[in-house]
Amino acid sequence: MTATPEPMLQVSDLVIEFDTSAGRRRVVDGVSFSVQQGEVLGILGESGSGKTLSTLAVLGLVPGRPGVVGGRIDLVLDDRREALLADLPTVVSTPNRGPVRKDDRRWNRLVQRRWRPLWGRVMTAVFQNPRQSLDPLMTIGAQLDESVRLAEPTLGRLEVRGRSLDWLARVKLHEPARVHASYAHELSGGMCQRAMIAIALARQPRLLIADEPTTGLDTTVRQEIVELFQELLAAERRAMMYISHDIREVLFLAREIIVMRHGRIVEVVAAEDLKAGRGRRHPYTATLLAAADLPVGEVAS
Amino acid sequence: MFHRTLGRLAIALGLFVGSAATDAGAQQTFHYPEDTRPASLLPFFAEDMSAVRMVELIFDSLVFQNKRGDVDKGLATSWKVDDDQGGIRFVLREGVKWHDGEPFTAEDVVFTIRAAQDPKTIFNAKSKFNFIRDVTAEGQYGVHVAFERPIPEAEKRFISLKIIPKHGFPSTAISRKDKFAREPIGTGPFRLKKGGFSLRSIALEQNPDYWNQAKIGEVQMQHTPDKSAQINLLQYSGVKAGVQAVIFLPPKNIALFENSDSVVLEPYHTVSWWYMAYSHENKALAERPVRQAIGLAIDREELLEAHLGRGDILTGPFTESSPFYNFQVEKSAVDLDRANQLLEDAGWKKKGDVRMKGKLKLDFEFVMDKELASNQALFLGIQAQLKKIGVTTRPTYVDHARYRDQVFTRRKFDLTLNIWSFEEVEDVYPLFHSKGPMNFIGYNNADVDTLLDTAKATKDYKKYKEMMKQLHALLAQDLPYYFLWSLDIYSGISKKVRNVYIQPFYYFTSFPEWELSP
Amino acid sequence: MNRLLGLVLLAGRRLAGGLLLLVGASFLIYFTIRSAPGDAIDAITPMGTPPEVKEKLAADFGLDQPPLAGYVTWLGRSATGDFGESLVFAPGEQVMTIARPAFKLTLLVSGGALLLCLFLATALAVVLGEPSPRQQLLTGALYFVTAAPAFVAAIFFSQGMNAFVRRFVEDAGYDTPPWYPIPIYSESVMPYFFAGIVLVAGDGLFMDMLNTVRAEILAVRNAQFIAAIRAKGASTLPHTFRNLVVPFVSAFAARLPVVLGGVVIVEYVFTLDGAGYLLLEASKQRDFPVVVGLSVLFTLAIIVMNLLADVVRAAVDPREVARNG
Amino acid sequence: MGRFSRIGLWLSGAIVLVVVLLGVVAPFIPYEPADAVSYDRVLEVPSVSHVLGTDEQGRDIAMRLVKGTEAFFLPGLMAAGIAVLVGALAGAVAGYATGPVRAVIVGALQLLDTLPRLVFIILVCTIRNPSVTLIAFVAGVLFIPTVAAVIRRKVEALGSEDYILAHIAHGFHSVWVILYHILWLQCWPIMVRQAAYVFGYVLFVETGLSYLGDYGVQEPDPSWGNMVAQVRSLPPDAPWPWLVPAAAIVLTISGFLAFGNLAARRGEEAIR
């Protein structure tokens, strides 16, 4: 083991733009970050800061037009380096100069070729609004079974069900059998999010992206979900990106934290330093800390 | 080059699939469209022309009218009028079979006439059989019909009598609802195909036992109310599909086929003429000068040419081909000045747009049958022309059934446009005699009545003819109607049909002779 | 098991509701008849109808009774499928005997046309994908073309096709297709197919369908659960398909009345023997029992379609039972 | 709203404006059908004196096209008025009321919705003396449920929104809130869209029935429907007497539909 292991995910100079009725808007502007193997990266920022879009870009799931128009995303798997987003010029007609137009079809082909084999196996995600993340027409069990079967295609029908029930138990759902037969609309938000986490983890990904997984849930439930994440991650040593606007949650889970605002990274800081109030803080970070009744420390002008 | 590419493209697109699937037999089908749908194939109730045409193919009458206009053998092979013209004796064709295989006998003829006269059989043309007093079968193949009074050229009256099978009905009281109307059994050259009577089409097949075997295998009629669709079908008629004939070509479309290499225009003479009827119950119209003035203001030739194509302007109630036509009667020409003068002299003074006399106004309700397509256009022309002499008209369009009721039964109209069609006998007695059943205009002229009564009583055809000529002149003077014209009607017939001859009034009389080349 | 029971209960409730609607609709139809001006019998029968026929008609329709009692009489008769006898179109024939085969054909043509429309709209929606400014010219043009009333579309179609075949096939020396010229009198399926095309292309149906289908497809494709399914590496196709069943069935059911209106007109132009032709012809000839019988049948078709759509919705979407259970 | 939508709005708006202008002006243009007939200029091709040519009676097609707007303009407005006003009220009540009132209204709306429109109109035409006004009235009534359904959805969606609840909490009467804040301020784009649709439908039915069943306007009075119906008697080489009104029908219907949609979309964007 080397002293500074190569990060498993490296994002550099990511640019995302959208067409709106008011014209083109740059929503992510030159963002760079990296995630180490088995560690949690926290991304902090208010809504509209570009944190969700940056993570969706990692997943190759940025919706809308033209979407990702610049940057690089590299992934290191078992010493094999894969450039996910290295050749944008082939799908972006005039990068960095004048109006940008992206060829949708080529972009989709790129996504299919590069990302598709990674989804689930290498990285997967848990989103906010858990109820909307579940297919309303299928039982939780069917959706979980799907994950289990994808992770271990050799399992028999009963084994799959057994594995699913295990997972439901591991995410601390009582009566796993009942949940297994239920539909999303029959469960509470917290239960849905637990089920969603089970579905994501059942794929046994290397990297889990949790995009504001607690938004819209009751305070007590939020606490439980965050604890559940910590517990599961500690046991499995998975890498995770945890996106939130709640500084306490991020501090609780992450080792390194990046703070985003208006599509740019304003600060990269170790969680230890933040907790201890060490070092000079960006004014925005300082506001966030103050609002959460945490020690602010020194504020940069 | 471009054409070929497009053609290939169309074929490649599979638009023309199944061209090999048509069998040879289908080419022998004679297709024709009809404007109206025959509701009944029972001869008595065949009131639309479309039904009359179908009935002609399925049923037979005792005698036909041949190309020369003479009466020819049908189900009867010979006939003899009694010496006193009080009856007629028919000898029937032997070995004729009904479409269901039953033999045809004199009983069927007796049954048909009895059924026509049964008071419980109600149909429009019932009065046509009033002249028959009695009918008796004489053996299997002889029939004697006795008349109420002597009838000149009596055999002509049997042309329209289609014989129906006795075994097809429970009694002589025949109802419109009878199943027979949809499953007819005749002796004619064609019989109904199995399931051939459908919602809007009727399919017939050749009767293999017919004494004058038809040359065309099958006939199919399709109700196609849209005239432009009919024209389209004839115009584009190809080897495999399309129609072989359009019964009546609207005049505007005649030019389209005049130099056609696939369609012939075949004249179709009907003994019929157009008229504008005046209600004589209207006080203004009861005055002869008003009727004359109206006649002088209307330009028949212009209307005829603009809307109906070719035809002859009438001078009285007979067409030029009629034996009763009086060539001495002159055609009146349009003369607005004289028309105005006539009205002035009769005391009709112009007030604004309309002429008035006392409280009476020359403002008339013009009632029209919606079904007659050219009515609207003709009315517009007449309305415009009458305006010039201070006569105004208001249109009322009603559907066919309502028209008959309003005009013929309740006589609620001032002016109306219509057509009289005659079959074998041009009998105008019912129209102009003050007691005539079809005198819906309320016409009452003592001279006319006398003339008609004497003519009816006479047995001498020559004298009868003379009297009709006199009547022609008299009516041309008095103008109970404004006589308009008789039309040259054209059928459009595909050149693939050969040996075509169209009888007056009976379209399909010579149909067995027609041939269809593939 | 629980869900199945809920489903059965829901279907039962819908069936009862459908029956109620049918009774209500027949009530409206019956009182439209009773609203005839003057003496109802004279107003609704053709002139010259014999008195015994009028009497039978009055008895069949309960016109000799006070309105409500008459309605009950008529409803009782109609419920057994006895809509009376045709007066003019096929005198003496039971309305149902002539209407049934015609109506079957009409349902087939309109249902087929609607399926074709749904299929084409889906295909185009998939090809077009997300709306972009560049497509608006295409959709605008489509909007204009498909707004033509069905009868105008039918005239253009038949005359255009005939001229096309004459020029580019016949004159070019190819065999003409068996369906030429239009409207053809043959037992081939082509006239029905053409009627379907005109139904799809006319009355603004296609754009309406395209807009709906496209919005639904985009809604499902952009739904969060589809992103979640993608993120876990599963195929999104079965999920997308399943989630589109409900909106598609709804879109189909909602447009059936429109197509049933259009088919009346198109059948007339393409000389098909359907209920639309029968309805118009009977209406023109004032064959009143046929018109009433067909009105009831058309209404029944719409109610049954809505019923089926409800049941399919409930069978596919568990929330439906929960909402209405 | 994209560039093409804006162009579409202007174009369709122009069509609507022209039709409305013609509809308003047409009754004041003196036109005597009897005087228009002239047999020395039958079926003339378009020229300077007759911009759109003449028909079988030698009547100027452009003139008849203009006068023909009379036939559907007021009936169309009436139908749109009935459908939108009654539909909006019924929809608002169905969306807001509870208990038996709601049940009755929802039931009635559902009932009207099951009637196949064209078939029912033909039934009415068979029984009563058909006129465009009658047809339009029936069409208007039959469109009530369509309008009501959209309005109801909107009212239900807005009914639970905070600012509406706030208004009611502030002491405004709920009827006022529904009528003004929901129907007037929020639903007008929906009403514009539906009104344009119903208007187009009346033109569609008038022309369709004139073509098929002679249930529309009778000659000599002009209507676009009976002008198109001339296709049945015209020779194929003189199509303009029916082609012109057919094009006018297609343009008007698509124009009204497009205008309704685009204007409503714009309105909705503005409200948001």
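For clarity, chains are labelled A, B, C and D in written order, and residue numbers in each chain start from 1.
Here is the rule we use: contacts are C-beta pairs under 8 Å (C-beta built on N, C-alpha and C of every residue); 3 or more make two chains touch, one makes a residue touch a chain.
Bear in mind the structure is a predicted one, so any value in this text is a computation, not a measurement.
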### Task
Treat touching chains as neighbours and tell me the shortest step distance from subunit A to subunit B.
2
### Summary
Of all chains, the one whose CA centroid lies most distant from that of subunit C is A
### Query
Chain with the smallest distance from its CA centroid to the overall CA centroid?
C
### Task
Provide the C-alpha centroid distance between subunit B and subunit C, rounded to the nearest whole angstrom.
40
## Note on the structure
subunit A to subunit D, mean C-alpha position gap in Å, rounds to 52
### Task
Take the average of all CA coordinates in subunit C, do the same for subunit D, and state the distance between these two points in whole angstrom.
22
### Summary
Taking each chain's mean CA coordinate, subunit B and subunit D are separated, in whole Å, by 44
### Query
Multi-chain contacts in subunit C: which residues touch at least two other chains?
155, 159, 268, 284, 286
### Task
Among the residues of subunit D, pick out those that touch two or more other chains and give their numbers.
214, 231, 236
### Message
Give me the residue numbers in subunit B that touch at least two other chains, ranges are fine.
### Response
226, 228, 232, 235, 399
## Note on the structure
In the complex, the residues of subunit B that touch subunit C are 3-4, 6-7, 10-11, 15-19, 21-22, 26, 31, 37, 39-40, 122, 175-179, 181-182, 198-201, 220, 222-226, 228-229, 232-233, 235-243, 399, 401-402, 404-405, 409
#### Entry: Partner subunit C, residues of subunit D touching it in the complex
2-5, 8, 107, 110-112, 114-120, 122-129, 200, 204, 207-208, 211-214, 228, 231, 236, 246, 249-250, 253-254, 257-258
### Contact set on subunit A toward subunit C in their complex
59, 61, 63-65, 104, 116, 118-121, 123-127, 129, 132-138, 143, 146-147, 150, 183, 185-186, 196, 199-200, 203, 209
### Message
Which residues of subunit C touch subunit B once you look at their complex with the stated criterion?
### Response
46-48, 50, 85, 88-93, 98, 101-102, 155, 158-159, 162, 164-172, 174-186, 188, 268-269, 271, 273, 277-278, 281, 284-286
### Message
Under the stated contact criterion, what part of subunit C meets subunit A in this complex?
### Response
129-130, 132, 222-225, 227-234, 239, 242-243, 316-319, 322
